[in-house]
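Every chain is named by a letter (A, B, C and D) in the order it is written, and numbering of its residues begins at 1.
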Amino acid sequence: MSGTSNELLLIAAIARLITDPAAHPARHVAVGAASPIPAAACWLAKMQGADIRLALLHRPRGNPFTEGTRELFDLAGQGRIDLFFLGGGQIDGQANINLIGTGAWPGTAVRFPGSFGSAFMYLTVHRTILFREEHSRRVLVPRVEHISAPGVSPAGTFRRGHAQALVTGRCVFRFDPGRARFALASLHPGETRETVRAATGFDYDEPAGIANTAGPTEAQATILAGPVCDAMIETYPDFCRRVWGRGAKENGGKEEAA
Amino acid sequence: MSGTSNELLLIAAIARLITDPAAHPARHVAVGAASPIPAAACWLAKMQGADIRLALLHRPRGNPFTEGTRELFDLAGQGRIDLFFLGGGQIDGQANINLIGTGAWPGTAVRFPGSFGSAFMYLTVHRTILFREEHSRRVLVPRVEHISAPGVSPAGTFRRGHAQALVTGRCVFRFDPGRARFALASLHPGETRETVRAATGFDYDEPAGIANTAGPTEAQATILAGPVCDAMIETYPDFCRRVWGRGAKENGGKEEAA
Amino acid sequence: MDLDALAALVPDGAQLALVPDNSLSPGAFARALVRRGVRDLRLIGVPVCGYATDLLIGAGCVAEIETSAVTLGEAGMAPRFTAALAAGRLRVVDATCPAMHTRLQAAEKGVPFMPLRGVLGSDLVAHRPDWKIIDNPFQSPGAGGGDPILLLPALAPELAAFHAAMADEEGNVWVGRRRELATLAHASQQSLVTVERRVPGNMLDDERLAPGVISGVYVTAIAVAEHGAWPIGLLDEYGYDAAHIALYAKLARTEAGFAEYCARFVNAPGDPSVTILAAE
Amino acid sequence: MDLDALAALVPDGAQLALVPDNSLSPGAFARALVRRGVRDLRLIGVPVCGYATDLLIGAGCVAEIETSAVTLGEAGMAPRFTAALAAGRLRVVDATCPAMHTRLQAAEKGVPFMPLRGVLGSDLVAHRPDWKIIDNPFQSPGAGGGDPILLLPALAPELAAFHAAMADEEGNVWVGRRRELATLAHASQQSLVTVERRVPGNMLDDERLAPGVISGVYVTAIAVAEHGAWPIGLLDEYGYDAAHIALYAKLARTEAGFAEYCARFVNAPGDPSVTILAAE
């Protein structure tokens, strides 16, 4: 399992954030495209008994919507999506995210894919977990070059929720929207306060007691390799093959070899 | 055919208005609930070769919409409905229609059914044929007591079309939106300029040459009694029974006799 | 949950959205509400309403109604609605059909308002202090006039009720082409649904059924009510019972006739639609 | 009408709306457009876009694009989009997904604008002079702040293109659960649709099919294109070809690789999807 332990760790860490009893209840959770780790965390929480309705946007079959992503955004607009996940080409210390790019607008130096629904979801869902595996000064910057979606909003501007936390390949940060500031919450195995500080471009709080991020329990690992992988294999075949060694493509080898 | 000739006359008169080459082309025509005479006129025009797409709102099967009347109103909002039909508990000389009632709002003396979509359709479709079989000073009034939908609109207010004509049990009036005034266009059999004037509460123009309203040709009568009745019998069984003596209800007699 | 338990979920004074007689109106549910003796309902006609509404008004269940019309179709005016209005027993807020749709779409989208073309010049506007008119902020420069446009406030009904063909194990319901009911369910805070039958599995997993499904996300409670639309029709399963509506329209002309109607068709034990249709 | 005739309906400079790789994106149609050599397209991603868009950009067919993202999903960034932007050959207007949906819904409804919550505070707003912010006219009195809200202008694309499962004799097309395509077709001035197959009759007469139908009212022209979504999937008929998209992403990293891709998969006589899929 050594080669895949980091992904399983991240899944376990996110699953704990999802079911955090102190947070807004996550009864209806949506997961965007190309997000296998958050999706696995949601499945894990659900299969461990959390009362979660999962909307997996990229699932080719059994897609819960009949009006595409418009239905997701309408649900979010109504306040019926409790939790969403966002990433960012850049993320800064105020939890602003940049999915546009660097250099002059619209990203003439390095172009990111685009803002997707982030500018809307970040303000309309009840909470957001930020997830970006790469933890470097390139990604975690003092100030994003362009704001796709703002981490906080001025008083008087409609907003339901904020970032709950930022999960990276090195640690978990919690976000305090009142102070618009992150605090280190737990360190992944092999990381220290110093390695995280060195790799982070923005300033953040560092409380006295910092736990180590716990990986999946044995029970969780069993659920992940079994029913969670079963649930995800159609949507994320590459990921399932990489993490659990399952889901080889039937008709893919030929083209990839070409 | 004597007992039904008035209905056939009205159908023929409306069909001629629908295909009037001087009017905005009627490529997409919608007919509301409880409007068998306009519906029959549309079917007649279509079955005589006019290139008309018919949206019959009350048709229980083969309803053209999958989003109910919202889809109709959206089409009209876009300008994709060329012709619609409206009636009115009261209609006045400026082509205002009242579907609310008489007496204090909302119709405490005599209540009409309500405005339906008239307030919207009258302004968004390209033309409207007003149809009210009862031609009396009770219905055709100098000024409607309440305006469900206005006959004309001030400059600067978005409006695509107006009444093309008003068809009653006694005559056909044409409407001139520039002058906000009706003109007598044709008299039904048995009517004179004087009988119409006496039965009409509003003032209108009376040009020199007034034709008689022509009934259906023999070819039209054949189409009406055959394929038009076939097309309408499911939606308007009572009407088809009354006009063409067809369409007796299978399971209705028992309850009606009760 | 049975029909009466579903009806018990509607508290006195609730705001309840109902649909027209061609759009899966829940006849059996309306009769169950009459039997339950609910009071002071605030009905919403989306965008108009008919038999179920007139029945509830006649039975004294309704305090007010917002709608674009109340009609029994070919059978004419809705007699108990008309009588209650004339007697001053019913507050009526008039609207126009696309305004009702628009208000629900605004709620569906989670925005406080939506614009609508037309309507200006109708006396409806003067009687709707909750509607606003602004100058179109997007009019072309140099277009001259202010280009006034109507803004309508979002409406998220406390409850919606309709009859669907099927419910599955996941709480999804199938309404087929009547997808305007999806907008209603999306916009409403709770949806109470009667269904003709239950089916196994998850209809959203079936590509043929999925497009006609309203997701269980939006469905609060479901009761099986066989022939539950009657006397309204259900898609291609059974037709609109025009003769029964005509009979209702005739009886409901008078208080006494309405009482007779209720005795025969509403207050019999269970809902009489099942036995009536079975006998035919 | 065959696929190339359908592609010929797209004039140089046309505004063309395309859909994401999970929403019946018309792969064969995009390849036919490349073969036709269309130029200066103004693409609209509804709300994002992928393979078809990157292919058209790589082939030099596109002058500008308005979208919320361009992505190849698990295969990563869209390489030809990124290269064209970096080279200054492509004007990019950034949006956010629900804004694209909202602009189409406004066009569908025939209103000049619609409001949308959220978005304020994003730099998108500063780069969109066509978007406006007003104070919510419906805010509660005494709510204090102005409650600013975004207004988006209606967008009625000149053309939309997508791949449907079936077309019938009336020109109706069946898209199943992908009803967001109905909004797209409703909003667009013309819709060009490829279909897997033709079926007899009128699907709107079939209660099981009707809910997944887009009425022929909104459909300008139809061409049969077997496997016409490929390498994108079509509902439960065939899956998304992740291996081919990965191959595309790899080849399209360079101009030369993209040329090789086109030689092998786009410019072969007819559309190669048919023979490729048949061979597997």
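Definition applied: a residue touches a chain if its C-beta (ideal position, glycine included) is under 8 Å from a C-beta of that chain, and two chains touch if they have at least 3 such contacts.
The shown structure was predicted, so the numbers you read here are calculated from the model rather than taken from an experiment.
**Student:** Between the options B-D, B-C or A-D, which interface matches A-C on more than half of its contact pairs by residue number?
**Tutor:** B-D
**Student:** If we define chain centres by averaging CA atoms, which chain lands farthest from chain C? Would you check?
**Tutor:** Between chain C and every other chain, the largest centroid distance is to A.
**Student:** So which one's got more C-beta contacts, B-D or B-C?
**Tutor:** B-C
**Student:** Averaged over CA atoms, how far is the centre of chain B from the centre of chain D? Could you give it in whole Å?
**Tutor:** One centre to the other, that is 41 Å.
**Student:** Just how far, in Å, is the C-alpha centre of chain D from the one of chain A?
**Tutor:** The computed centroid separation for chain A versus chain D comes out at 27 Å.
**Student:** Centroid from C-alpha atoms only, then distance chain A to chain B, rounded to Å. What do you get?
**Tutor:** So the centroids are 59 Å from each other.
**Student:** Counting only residues that touch at least 2 other chains, which ones in chain B make the list?
**Tutor:** If we look for residues of chain B contacting two or more partner chains, we find 61, 63, 65-67, 71, 76-77, 124.
**Student:** Pull out every residue in chain C that's touching 2 or more other chains.
**Tutor:** Residues 105, 109-111, 116-117, 149, 177, 179, 204, 207, 210-211, 236 of chain C touch two or more partner chains.
**Student:** If I apply the definition of touch given earlier, which pairs of chains qualify?
**Tutor:** A-C, A-D, B-C, B-D, C-D
**Student:** What residues on chain D touch chain B, complex-wise?
**Tutor:** Interface residues on the chain D side: 107-111, 156, 182, 186, 202, 204-205, 207, 210-211, 213, 215, 217.
**Student:** Within their complex, state which residues of chain C touch chain B.
**Tutor:** So the residues of chain C in touch with chain B come to 20, 22-23, 47-48, 67-71, 73-74, 77-78, 81-82, 85-86, 88, 92-99, 101, 105, 116-124, 127, 144-149, 177-181, 183, 233, 236, 239-244, 246-247, 280.
**Student:** Under the stated contact criterion, what part of chain A meets chain C in this complex?
**Tutor:** Against chain C, the touching part of chain A is residues 28, 53, 61-67, 71, 74-80, 124.
**Student:** Tell me, which parts of chain B touch chain C in their complex?
**Tutor:** Contact set of chain B toward chain C: 33-34, 57-58, 60-61, 63, 65-71, 73, 76-77, 99-100, 105-108, 111, 113-124, 146-150, 153-159, 236-239, 249, 251-256, 258.
**Student:** So in the complex, the part of chain D that touches chain C is made up of which residues?
**Tutor:** Touch list, chain D to chain C: 102, 105, 109-117, 132, 134, 136-139, 149, 151, 153, 175-177, 179, 204, 207-212, 235-236.
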